[in-house]
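See the structures that follow.
After this come two complexes, each holding chain A, first together with chain B and then together with chain C.
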Partner chain A sequence: MLDGRGAIRRRAGARLWLSGGWLLLLVTVALFAPLVAPQDPLAQDLMSGRLPPFWSAQAEPGFWLGTDSLGRDVLSRVIWGARVALTVACIAGPLTALIGGALGLIAGFYRGWADRIISRLVDIWMAFPPVLFSILLIAVLGTGLTSIILAIVVIDWTRFARVVRAEAMNQGAMDYVAAAQVAGFSRLRTMTAEILPNVLPTLVALLSLEMGIAVIVEAILSFVNLSLSTDAPTWGGMIAEGRTSIHQAWWVLAFPLVALFLTVLSFSQFGEGLKDRFDPVLR
Partner chain B sequence: MLFLQRLLWRLATTAVTLFGVAVIVFTVVRVVPGNPIAMMLPPGATDADVARLKALYGLDRSIPQQFLIWGWGVLHGDFGTSISLRQPVLGLVLGRLPATLELATMALVMAVLMGGAAALTATRHRGTRVEAGIDVTNGVALSIPDFLWGLLLIIIFGVLMPVFDISGRVSPDLKLPFTTQFYLVESILRLRFDITADLLGHMFMPALALAIPLAAIIGQVLKQSLKETMELDYVTLARTKGYGETRVILREALRNAILPTLTLVGVQFTFLIGGTVIVERLFSYEGLGNMAIDAVINRDLPLIQGIVLCFALIFTGVNLVVDLTYAALNPRLRHA
Partner chain C sequence: MSALLDIRNLSVALKGGPRLLRSVSLSVAAGEVRGLVGESGAGKSMIGKALLGILPRSVEVVEGQILLDGDDLLGLPPAERRRRIGQRAALIPQDPLTALNPAHRVGPQITDRLVDILGWPRARAEARALDLLAEVHIPDPGRVMKSYPHELSGGMRQRILIASAFAAEPALIVADEPTTALDVTVQKQILRLIAEMQARHHTALLFVTHDLGVVSKVCQTLSVLYAGKVVEETTVRDFFRAPGHPYSAALLAATPKYTDPDGSLTPVPEAVIAAVRAEVEAAETEWQHGRR
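So, the complex of A and B:
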């Protein structure tokens, strides 16, 4: 008979493999986009606009997932869109974790005035509607990949700061921290060598989640037409275009949406799976 | 006494938070490139015209000066005039706010019903495939944000089974005999159920998109809380009295399991309200969030400030109420 822990570990295993598999596939496809994509993602052909996907009778060979209203290949645009999505995720995620995590660690471990300032800032940040905040920041910073990444870091650091602060406060109250202090560890060394490793599993799970959120934010900004140029292949941009022609060509919306859905789900499940696997209590 | 202290302290921190929001949004919108004045004037306007218009909107002064003038006005209920719509900001915000509040409230009700049903069903069928299925569904529902649920619903109910309207708040051909902007409430009060039905048809999908992630959180937390309660002695006692399992859950366990869920719902509700911005955009629902995105695109500084401040007021207000309710209900905090 399986005990509860065994069941959880088995489920975590399946989760890790499935989500990790999709992310690996996506990374590979994004890296080799020029080789994998069957068509030029920017090539327009008004004569073959809104071609349906391959299983339909009107489909044309070479355009597996159909074309949009300008005759651009949907599959190729989804593949190139993965590049943008993953670039944003892989830069914005770790950067947000680094800044938010550091601030949370300082606030939670040192307490005092540092905590007061950081917590007040978090309160102010939480009073902004995040989507509106990001759109506002893009209006200030201008469109482009760097602006998107910067906007995500500026908005989402609070997510890490809050969780890591709470965790650091919990850890700071434990005996091993007092022991480290007695053993003559400096405050800084206690924080980095004792607290940080114990906060790490939470931080990693949160990072994976944040990478999924970064993908969503990029899609939302492209959706309201504030990300890259309108021509560039992004999932959000494709979704925005598909939304307007949904009754004529549902596939323009559906395929980037499926890619987005699986990616966001995989990032969050991957993080949860990692956390379960590395959680010392469960192990 | 202690409660009063807490109340005053929380009011003070809320005021600081709102002030911080005001400073940040005021500064941020003023470094926005793109001149709103230039967008208002017809081509061929002279420099003198530009200067006159700038003076009219107070944009010729320094940023701290502008902030003081604006802040003074806000404290007196004057939020300035929208540059793109040329109407007072307060009126515009109050005109759109009811639509957003109705949507958010509807979403909250749906989330509580769905999450509650999921938690109760999972508890009733503990340890079976039903519980495992609900857990997996909750996990997926939680991982996917409202924006994606909205798109998914558009495909399912807008295209495959076109039963609901996918854009707007109300059918444009309907004549609305209303005096307030609370269409849904007013249509019910005036017994115009044809309009109520139309409003609900428009509201269903955006509200559901907002509700799904929150429903998942409610489902998880309430289930966990029920699980702990179900192991308490008084529940076992109720069972030995011969009460059925369903009755034990509903009449005995639920009452004590519900408090942690309630406080959580309060905090998560602010996230839901934040989600209305993009969901309203997605469904072309004429609420505050949709207007906010237009305001940013049009560089309408006074309107952006007004809307952000309105959202901040709602967020901090909800948090304040939740915090104080929790303090009032939790005996440990009351006597601490």
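So, the complex of A and C:
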């Protein structure tokens, strides 16, 4: 038993450090993009288009990961793209968690008519195909960072509402909730001080997952050219552009794809790792 | 002197369904220890829950009064009722594993209600909690106050819950099968502890249990419940000498005897069950008529 727990902890530790490390690196380069990026991400140079990455013989110094067909530096664009991706993740994720979590908590704890309204709303929401829904929303709201974030919040709050509602219901049946009621605490206080701390580990894991999803949604919308202006550096946009020249310059597509993959994976793993580490029952 | 707790004609029913408690009347005087016995599903715990205002969502009180200090709790507005219960009553729950919040340290779980509900200064509440933890024989109370529940054993947690129940010097404590979830060796200690604390604090106790052995050790009076109806109300002494109701007698006869470990168990005879069931059904029919 002790050994098993130790093993789980060690695994959670490695997971937490690896994913946390990648996210930290990403946040740092995104914050200091103007200093870190070797080139201007928008600067075109048609004479040096489709330069290969640094290990190739035809590589040119200063363009570590090569250039795209317009001669723009891939590394610089990946770094600036991280800025967009993380901005969306860091605003849309917590906002979604806040709204969905609050509604789920209220539905799961108060039950009754509040639960009926919120649950029906979730059912209706779930009937929409999410990608089409987001494209539709952007079409209505117009492109831009705010629209992407809004679209993610509007679509994904149900994910939090459903999970938190179920968890709050579970916790609500525990004797400690009855004990709080007998002691004379109000319903509101019982919900925020007794139930919420026990729902929090789940909420944090879900939030991390959601931030990864936000990065994907941003990439999808950029891919179909519905996020920022066309030449703005986004991972989705780079993947879309790289797709057309994949046989001549695979690196234009590959590097943003790898960055996207690692980021989404890291977010989900980081959340699970946090949950394992900070859940008082597992601890 | 009027009773501390006086439950009159209390009926609790599934919403839109049958009654689970059928016109139960029951009183507990200040300092009295009353046992509430009956088989599973008889409604023992339901009485305690109705009294403390923690009935499950699916059931409701359909008639009756619950007088605490002479005031009908059911007639009070919810906030006032909660405040009154918080001040005068407490609960020792059945399952110590889920009755402490896993997310909080033990100390605040005892002191928060003293500070937030009863308005004690924090320092006084903490001193009180330390005293009580020592009173329930917890070694190193200071360390336990800073522990999370999952770091403590079931017996320790039940001791903490007992300490917590006595913290605000309530007039009445409902002990809802407080030893059922514990293993046998710990049961005995916890039982002794509850009796000891009750004697020291002169608190009235409503002791819900299915174990007549427990009743004989802790209680002075008892009510026997069958199918949501009180079939006998008597003192423990009289009950064990000469139970008044045939069902009570059969229940007593069904208790295993430690003095005769090889003897076979005596189940409650079919005829007795049929008789008591008929009695309850007759009362139910009468009640239905009265409602129409």
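Note that in this section the second predicted complex is superposed on the first by the 281 of 283 C-alpha atoms of A that agree within 3 Å, B and C clash if a C-alpha of one lies under 4 Å from a C-alpha of the other, contacts with A are read in each partner's own complex, and residues count from 1 in each chain.
Note that in this section a residue touches a chain if its C-beta (ideal position, glycine included) is under 8 Å from a C-beta of that chain, and two chains touch if they have at least 3 such contacts.
A quick note: this is a predicted structure, and the numbers were derived from the prediction, not measured.
Engineer: Quick check on the superposition: with chain A as the shared anchor, is it clash or fit for chain B versus chain C?
Structural biologist: fit
Engineer: A:Thr87 contacts which: chain B (first), chain C (second), both, neither?
Structural biologist: Touch partners of A:Thr87: none, neither chain B nor chain C.
Engineer: Which partner does A:Ala179 contact after superposing on A: first (chain B), second (chain C), both, neither?
Structural biologist: Second partner only.
Engineer: Mind working out whether A:Leu260 is in touch with chain B, chain C, both or neither, as first, second, both or neither?
Structural biologist: After superposing on A, A:Leu260 lies in contact with chain B but is clear of chain C.
Engineer: Look at A:Arg120 in the shared chain and tell me whether it touches chain B only, chain C only, both, or neither; answer first, second, both or neither.
Structural biologist: A:Arg120: touches chain B, not chain C.
Engineer: Given the superposition on chain A, what is the angle at the CA centre of chain A with arms to the CA centres of chain B and chain C, as a multiple of 10 degrees?
Structural biologist: 90
Engineer: Could you look at A:Val224 and tell me whether it touches chain B, chain C, both or neither (first, second, both, neither)?
Structural biologist: first
Engineer: Once the shared chain is lined up, is A:Ser69 touching chain B (first), chain C (second), both, or neither of them?
Structural biologist: Once the two structures are laid over each other on A, A:Ser69 reaches no partner at all.
Engineer: Once both complexes sit on top of each other, what is the least C-alpha distance from chain B to chain C, rounded to whole angstrom?
Structural biologist: Across the overlay, chain B reaches chain C at a minimum of 16 Å between C-alpha atoms.
Engineer: Which of the residues in chain A come into contact with chain B in the complex?
Structural biologist: Those residues of chain A that touch chain B are 120-121, 123-124, 126-132, 135-137, 139-140, 142, 212-213, 216, 219-220, 223-224, 239, 243, 246-247, 250, 253-254, 257, 260-261, 264-265, 268-269, 272.
Engineer: Which positions of chain A touch chain C when the two form their complex?
Structural biologist: Of all residues in chain A, those touching chain C are 111, 174-176, 178-186, 189, 194, 197-198, 200, 280-281, 283.
Engineer: Would you tell me which residues of chain B are touching chain A in their complex?
Structural biologist: Touching chain A: residues 13, 16-18, 20-21, 24-25, 28-29, 31-34, 139-140, 142-145, 147-148, 151-152, 154-155, 158-159, 166, 270, 273-278, 281-282, 289, 292-293, 296-297, 299, 304, 307-308, 311-312, 315-316 of chain B.
Engineer: If you look only at chain C, which of its residues touch chain A in the complex?
Structural biologist: Residues of chain C touching chain A: 49, 52-54, 57, 79, 82-83, 85-87, 89-91, 93-95, 98-104, 113, 116-117, 148, 150, 161.
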